[in-house]
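Just so it is clear, A, B, C and D label the chains in written order, and each chain counts residues from 1 on its own.
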Amino acid sequence: MIKVGIVGGTGYTGVELLRLLAAHPQVMLQAITSRADAGTPVSQMFPSLRGYVDMPFIHPDQAHLDKCDLVFFATPNGIAMQQVRGLLDEGIRVIDLAADFRLQDIPAWEKWYGMSHVCPDLVAEAVYGLPEVNRAQIKAARLVANPGCYPTAVQLGFIPLLEAGAIEPASLIADAKSGVSGAGRKLEMGNLFSEAADNFKAYGVSGHRHLPEIRQGLARVLGKEVGLTFVPHLTPMIRGIHATLYGKLTREVDLQALFEQRYAREPFVDVMPTGSLPDTRSVRGANHCRIAVHRPQGGDTVVVLSVIDNLVKGAAGQAVQNMNIMFGLPETTALNNAALLP
Amino acid sequence: MIKVGIVGGTGYTGVELLRLLAAHPQVMLQAITSRADAGTPVSQMFPSLRGYVDMPFIHPDQAHLDKCDLVFFATPNGIAMQQVRGLLDEGIRVIDLAADFRLQDIPAWEKWYGMSHVCPDLVAEAVYGLPEVNRAQIKAARLVANPGCYPTAVQLGFIPLLEAGAIEPASLIADAKSGVSGAGRKLEMGNLFSEAADNFKAYGVSGHRHLPEIRQGLARVLGKEVGLTFVPHLTPMIRGIHATLYGKLTREVDLQALFEQRYAREPFVDVMPTGSLPDTRSVRGANHCRIAVHRPQGGDTVVVLSVIDNLVKGAAGQAVQNMNIMFGLPETTALNNAALLP
Amino acid sequence: MIKVGIVGGTGYTGVELLRLLAAHPQVMLQAITSRADAGTPVSQMFPSLRGYVDMPFIHPDQAHLDKCDLVFFATPNGIAMQQVRGLLDEGIRVIDLAADFRLQDIPAWEKWYGMSHVCPDLVAEAVYGLPEVNRAQIKAARLVANPGCYPTAVQLGFIPLLEAGAIEPASLIADAKSGVSGAGRKLEMGNLFSEAADNFKAYGVSGHRHLPEIRQGLARVLGKEVGLTFVPHLTPMIRGIHATLYGKLTREVDLQALFEQRYAREPFVDVMPTGSLPDTRSVRGANHCRIAVHRPQGGDTVVVLSVIDNLVKGAAGQAVQNMNIMFGLPETTALNNAALLP
Amino acid sequence: MIKVGIVGGTGYTGVELLRLLAAHPQVMLQAITSRADAGTPVSQMFPSLRGYVDMPFIHPDQAHLDKCDLVFFATPNGIAMQQVRGLLDEGIRVIDLAADFRLQDIPAWEKWYGMSHVCPDLVAEAVYGLPEVNRAQIKAARLVANPGCYPTAVQLGFIPLLEAGAIEPASLIADAKSGVSGAGRKLEMGNLFSEAADNFKAYGVSGHRHLPEIRQGLARVLGKEVGLTFVPHLTPMIRGIHATLYGKLTREVDLQALFEQRYAREPFVDVMPTGSLPDTRSVRGANHCRIAVHRPQGGDTVVVLSVIDNLVKGAAGQAVQNMNIMFGLPETTALNNAALLP
């Protein structure tokens, strides 16, 4: 059994992590911390967990996280970097679901996240937790930076094309749409039902924190910088990301075969048949990324459609996948459920 | 392993049954029939099942249902009654998720459903599949009539009060609200997104088919007829039923204790703490019924709030629960997952 | 031209009031105040008003409300009572869209609203702004207490029955469902999209502030106290209230004729044909209340279905209707638009 | 007064047209035809119109459309072309809200719409009803082809850039998102609430009928063919289109000034301030198109955000705007209302 602690479990990433871990046969949950809600039973805040998680949130000082084998950080950005070193020093492995260890470029991180980084050396050590790219390094990692939701959907869609040198890397476009849970369980005006329902809008057009993360990931795969325009949108649904990706083809290539081969052994990337139109509900509550590749009108623009559940493959599910890899378990353990449809 | 067949799997009840059975360790799915869609891969119609159900819909004539141990009917009303006798004769057990065997009063059934019943003798034999009332009979049954969605939520809310003689049985009120999937995967104008979204309405006020079913169930518990006003409403969500039940108290009683004791051993009925307000999402995708009991302003009206997922405890989940009981499996097998929240 | 000021225009009631007044041919908007947002152009906060309201929110101290003929308060509860006397003393008429002047029973008000009332004498003078009951008094009023949203829908549904002595007044039940905008433009967790969407729940079962307001209104009509159980629910739509009302008939009465006669001359109460099922979208953005009356199964329970748009007939529209009455304008001025459907 | 007839008023375009015309001071509605629903009161099908439209649908044979000054066709594609000649011959002007007269290239039309065109000569005469491009021709037209919803949003966003020669015309990308009402009031599985809610998907990626219409419109403006990739998506809201447009800049240009100048005199195109993010609800129920222009990270990709209400500026509102132009009325007559927000 893996003894697991969760720091900061009161957000949507936290409750989703709890849902998944509660069904994991190899996990023993040790503690879930929250400063603000210490003492509150988890199942009082999230009645969906009644009967599944029978413990209260506990103050970090009393959580004895040093007894854990693995600690997940489901905290706001900037928290994990302050606590990770102590845990690692005690031999505890860490998966950070926030952004503290995602960007190798420290000045860039500091610019986009508006704070100083306190442990650049650990950033250098951290492994970016996208199993489809870094499976071997994840297996050996002490510290995994779990990818962002948009970066997961966008990278998985562009990677086969970039690896094959099939598109111009200088003019990539990622038009991405997210459900509102992607904004977190936060009291912001734009997240209110009466603001977000029956409405659609772009945001972060001038610059979104996931832009440098995506660029970094694509540059690693390509071996050089990419040019990317990334426009995220808010769509009136709870869960789901739909990334519509545009690239200019540089040569003739069998797009369908390219994608199928790249992901042939991936348990959670589903390359759909030619002509498919993946919808976000086909991954609701599941860890899958479904991808379809199109070449409209036979022109030189390739269009990739990539969908994930932002809280599962885009957050908590991918974190559990990484945990499974790190601890030598079958990668699909506790993640092998079909999506909830309708 | 239980060899299972499904007749008519192209509706929401069907896809939900497939989702649950795909995760059931003791079930081997033999066939899913559909006349209209024979030959179509199940996962083409429901991409959420890609990788979980790898067979096509098959024409009933080719389905070899006689090889099954159990057949589920997820068909429109009036189909199962035409096919059940043959299956029973071959020793195959049947769970009907439609209404063919729910009402013992054949003339009433024929009036409400607008057709003649072809096997009244089997109705007499059929067991009403509400485990919280009929567990022993279900265990022994050849033929189980799986309850309707509204009847499940309403009966579970009223039963403790009626059994205890705590309310006047002549003036019960059930004000129930259902998500749109309760109307089925049917091409009716009122089910269109642009008709049902951002909208709320009552329907079936003059009479709904679930009214006699609820009355029958409550009368059985009480030992005499009840007077019930039942008003269903359509609410703009996909899944979920919220029944708000009103009764007039006839005597002082500890309502909270009454409910807790009645359901103390029930794995899927959760009596929430005093003052709770169950929301439908707390059971989304799960087989639970969550109940809270209130006595507003200390008056003589008791208000029971009862929520279920209409496709799970209100249909496919309860059917799997009945199957588990019939075949001597732990009752929670394949049903022990937490709800999807948010 | 009526010179109009609005105190506190940053909530949903405020923006709706602005939308309606912008189209009113007899209104000249003088000022819209906000402490927190003084200086912000109204149309920056509400882009829907670009080209219609070209002024900024202004600090109350600079608003020169004394130049107005009428001031609307679209403020949180407890604000208007502190400012109304000064305005009235200067001969300015006031419509309060909050609750400060709704309850004649001051101790009850203080209990339900959790504060001391600072001007009970003005409460005594205030006219409850339900035109269908108090049109003459509204016409002459200096100070109008605009009704709450639930109270409008519930009272209009019960009034014909109570006036006719057709139902038992001791056991009324009002099961009401509201869209999320009814909770206001407030940063509360339950109002988040990811909490309220695809979800349904009751709230305020033990007691809601609109309960005493409804009881007061019905008692006035009846001439004695009524017994009422009021259960409000939150439904995942932006606008709309659907009240489902239950009463026990005391005598035979032509229900349809009763309602039609009661509201024959009312421009904004639409008694629908027998058997109708009003949906909330049929009044979306409009000042109508649509009502249908049913007697299920011919029993002794009458069921009234009453729908309004909570922001229009339930708030800003009724306020404009009251203004029209107070200033001798045709009552439908600026309110004569059809609902937005779909 | 303009005597107006509507052919085919039972869809969403029809009910929206009725809503707008009911408030038009210069319009007298003569007849609304429907074969299937002849005899049904309009307000029975659309209760939102109770009190506003007091006539039944009438069979086309009895409609006396020859008494009209103007006939709107709100019919499926292929109907108007069969009836228009007769009306024009009698001196009646026509606005077709369907696609019969939108494409000048008859073979292209026949390919995309799957039928033979019966009056190519009238196509040649028809004026494409985008006032921002063709106002003078519309004024004089006998026959106006009202633009499609996507084409309106996309063209208005690209036109200033193409007219100014500011972007490469060979590689335009239009990523567009539509509410479900764009699919019409049609019984198709994908339009069901339980299919479309809480879900997001692309469709028509391989080719959508609005693609040639957009290309034609942009080519006219540019004077030569454009290269366009157009990907429409379905988003879970009722009304609204959000077009996200991408172009590659060919030279330095003050984008904000370019757009502001182009639309300075347009009553219904609102160029929002720099940095704005228009949301679809800001035009809900209104005839406005709101546009913002961005240049992310100062790169060479321009991003235009263009929003309309697909049923208003994208259909019925633009039709009324065209009517106003054709009959010499102020262009904003009956269209000068603010959007419904929230």
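Annotations for the structure displayed:
To be clear about the criterion, contacts are C-beta pairs under 8 Å (C-beta built on N, C-alpha and C of every residue); 3 or more make two chains touch, one makes a residue touch a chain.
All values reported here derive from a predicted model rather than from experimental measurement.
Equivalent interface to A-C within the set B-D, C-D or A-B: B-D (over half of contact pairs identical by residue number).
Greatest Cα centroid separation from chain A: this falls to C. Overlaying the C-alpha trace of chain C on that of chain D calls for a turn of 180°, given as a multiple of 5. Distance between chain centres (mean CA atoms), chain C to chain D: 36 Å. Spacing of chain B relative to chain D, judged by their CA centroids, is 45 angstrom. Chain centres here are Cα means. That of chain A falls 39 Å from that of chain D.
In chain B, the residues touching two or more other chains are 12, 179, 181, 185, 194-195, 197-198, 236-239, 278-279, 281, 284, 342.
The residues of chain B lying in touch with chain A in their complex are 12, 15, 19, 22-23, 46-52, 181, 185, 197-198, 238-239, 270, 272, 276, 278-279, 281-286, 288, 290, 311, 336-342. Chain B meets chain D in the complex at residues 12, 179-181, 185, 187-189, 191-198, 236-238. On chain B, the positions that touch chain C within their shared complex are 171, 173, 175, 177, 179, 194-195, 197-203, 205-207, 211, 227, 229-231, 233, 235-240, 242, 244, 246, 248, 275, 277-281, 284, 294, 296-297, 299, 301, 303, 305, 307, 342.
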